[in-house]
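Per-chain numbering from 1; labels A, B, C, D and E assigned in written order.
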């Protein structure tokens, strides 16, 4: 099912991807690739299509045209094996979407047990481990609504980590986190990167992008407007990116 | 209904406020005051009680003890006039809570028309005005679900602005905004401050806090741990704040 | 409440009679949806003889009695079988007809007497005197299936849900008409019940007048004529003499 | 007895159908109005009002309609109140429907997410305004399927009004059947007639559901 | 007040009332369990992409919801007999009630399914759960919790509606009442007693559902908030 991918071959690749919502063209020929172990940051102003691009990679949206290959799965094709794809890809959403009727532990153990057939006791150990990673071990038996926003987002990340995917997609996962916890999560993600995890993250935090990303993709009006190493944030070439990171300086 | 408040008298004041959820003591004697026209930033790590403190000010939570006075309303008292209080206080939540069955325009005009008896045409002009302030004028007739996260949060801010309250409470309102839009919102908020608006904002963005806040309140484990001008962020006195802003530096 | 129901009726020039129009052949609708049946004709004759306007109060089996108890109808002519239990609640006139009940079985069956009914299901209309009679034969170990009305019971017999029925001879014969492959006939006589007019307790003048009317019309053969017209047989000899 | 189904029988059934429609309208309008009040009472901030609403709902919901109708008609007559069958049936059906609709609607109102109530509160909307402008429009969507489901049941349940002397569709069918002994044909006609009355209602609700679906929220986090 | 009520004359038949009440409860129990299953399956069926299954479920739901229970019971009872299949009145009654309440349950469950936020389902899809697993772990319980009051009402309604089973010779509470009242002609006493018994039965059922809710929704037990 999965093709052999040498370390130079991209694990995720988008080629000329098109996507419209009704008359609104949200992705207008987007192409980029992510190599194994690479951390890619997707930046751009609100409405530029970042979330949509990310959702297309995990096939939450069907593309109108172009080609998407993820871990050997032809995501653009109608016959793609969705469950196989999603075992290889972990996704964490902008809104956390924890399951409200399950405790945090149950949220985390659900997929490993149900999808991978993991034994309950083993899954519970795993749950504890990933919760430690995100600094939430004491909330094992709490329900999502008992957690503050930041705690919920960390639990959602832990839930995704527990599936030990090959690629992780993050959509503004640190939005609701304070600097201290952002740092902790950052360490988790750095560790993941060191272990060879491939990651695509939508973020609007330039410092975060600079610190962690191997490469930056700047989206503007549904197109990849500029791409390159983290250094392009400090020396942008297009006026749009200049303006984007310029106003962003207000933040730091 | 509202007492005369000279500019030196606080518009919002909390004195020794206590609040528990079951066995969990979330606010453990919180006291601070906000003067007219002052912008106060509430910072602290996740779970420290920031959102809870904010919710107590607008009486979404009943306090267990202590005193809260907002624009002359004794919020801690059971007989407080809630509707009068909430005409004076605008609140924007961490989760945007737009009304899904109404367009953005209807979301915004609802309260001015229903509560203040504003004429529909006047309210529509107002809606357009506040949407321009947050850079969303083209989404006037969209439904919330048709907007991206950032757009929804800006619409929620616009909805609150349209009530022209005396105090505005913000709970991590910029969480889902990219730097460019954060800058725009920041300008809106600065303008509001210049017009004499009193504001309390929960935020984890230190740059933002530094740039806009007249005063910082650092919460830690349900207590006000350190308070002072924005400069305390660069020269903290307690080890906790030092650690908090220290790790925060990773971000900028 | 009123001192004398008979006075009221005569003053109003109208008698309200509670009759169930869904229990053929006593009360039913003809092909033009006009009330007909033996009870209907008895009621019509009564009103005519007394020079009164007649109003049928539409009723179901369950509401025949409450209708007279609460004054919504004056009398009931609706195949009321006289039992001691029921006489505690309402007054009965003397009988104006009788109802011969049998246990009917398939023509092809070998049932001759009570012991043959073992392991056979017997359909009845719930709460009828046939039902009560059969239900009280505890020693005979009968399997009784009760239906809400005659039509359902007949349908059960026609479709084969029950092997036998406990009902009037008229209805037993009706089954074969509906399904020629399942012709029923009377096998074991059950009982003969007296049918009477029912009225609220304590209305003696009305009771006397009704009794006199019944006596007269039994004697002159008019009631027998009506009975024969709908049930196909004469009233029993002991009643006619 | 006997004979064949003819035009008179069909007209008799048609008359019954008209009564069924009339009784249903009374039950739905009366029950809808009272039911709305019951739903509001059940979420009232006053404990005594909530309790009264709960007791009412429990009593009515625990009693078969047949018994309510019976006691309503004859019971009132027994204590000396003369009511016409129409008033008795209308009042009994109203009380009955109100208990069910009130309870269904309460559940729907309470299922609107809590943050929506809070956001409306934060905008200083009065309790009535919150209800009318924010909560009810959202509650209506989830309320539509069970409400229509119950309305259709009511149309069929009006058949029990035969106990107070109404010859509505089901009863007229029974009367025709008892003189013809043609249960399959007659019950098939009755079933078809009920279907013809009820199905348009079901279709209508489905269209309503689709039209209201556009404002659906799927983004509210937490 | 011309009516003399004589309750003892009717109450002395309490063993019959009790037997009827027990049978009513049994009918309701089996029909509830089987109907909930059938209804949930039909609701899932209506949501599948297979238009044949979805269409069949729709026809089932619409036909049943829009025709009277009594007619359905007759058709099952006499229809089966005409085909030469004889089952006990109890079996037929349970089958007919199940088919009936299943259609209503399907509609209620569908409303519950639709009330689950899309984000929940996407999160589950992102975790590679299969469609079945998503229904089972993510949708079913919160959906049931959302429509639990409506479901409870529907099943209590079923219990009350089971009274029409008297028509096919099932000796449940209404059948017993009809028998006693036509045997004694004490209709008021009988109906008042029966009303009280039905109220008690419905309270028993509601208590049962309440208890079941505690088992099913541990989150609500701990936090007390609806989803």
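In this section, a contact is a pair of C-beta atoms (placed from the backbone, for glycine too) under 8 Å apart; a residue touches a chain by one contact, two chains touch by 3 or more.
Note that the structure is predicted; figures quoted are calculated from it, not measured.
Participant: Would you kindly count the fewest steps from subunit C to subunit D, each step being a jump to a chain that touches the current one?
Facilitator: 1
Participant: Quick check for the class: compute each chain's Cα centroid; which one is farthest from the centroid of subunit A?
Facilitator: Ranked by distance of C-alpha centres from subunit A, the top chain is C.
Participant: How far is the middle of subunit A from the middle of subunit D, if each middle is the mean of its Cα atoms, in Å?
Facilitator: Roughly 50 Å separates the two chain centres.
Participant: Determine the centre-to-centre distance between subunit A and subunit C, using the mean Cα coordinates as centres, and give it in whole Å.
Facilitator: A distance of 82 Å separates the two centres.
Participant: Report the inter-centroid distance (CA atoms only) between subunit B and subunit D in whole Å.
Facilitator: Distance between chain centres, rounded to whole Å: 46 Å.
Participant: Show the residues in subunit B shared as contacts by 2 or more other chains, in ascending order.
Facilitator: 94-95, 149
Participant: Send over the residues of subunit E in touch with two or more other chains.
Facilitator: 2-3, 74, 78, 117, 119, 187-188, 225, 227
Participant: Identify all positions of subunit C at which a residue touches two or more other chains, and write them in rising order.
Facilitator: If we look for residues of subunit C contacting two or more partner chains, we find 1, 62-63, 66, 69-71, 152, 155.
Participant: Which residues of subunit D touch subunit B once you look at their complex with the stated criterion?
Facilitator: It comes out as residues 115-116, 118-126, 129, 133-134, 137-138, 141, 212, 214-222.
Participant: Which part of subunit E faces subunit C closely enough to touch in the complex?
Facilitator: 2-3, 6, 9, 74, 77-78, 81-82, 84, 86, 89, 166-169, 171, 175, 178-188
Participant: Flag every residue of subunit B that touches subunit A in the complex, lowest number first.
Facilitator: Of all residues in subunit B, those touching subunit A are 21, 43-47, 51, 94-95, 148-151, 154, 172, 175-184, 186, 204-208, 211, 243-245, 247-252.
Participant: Which subunit A residues qualify as touching subunit E in the complex?
Facilitator: Contact set of subunit A toward subunit E: 58, 60, 82-87, 89-91, 93, 95, 97-103, 110-111, 114-115, 143, 145-146, 156, 159-160, 163.
Participant: Note which residues of subunit E are touching subunit D in the complex, please.
Facilitator: Those residues of subunit E that touch subunit D are 1-3, 62-63, 65-71, 74-75, 78, 104, 107-108, 110-111, 114-115, 117-119, 146-150, 153-154, 156-157, 160, 163, 174, 187-188, 191-192, 194-195, 198-203, 206, 225-227.
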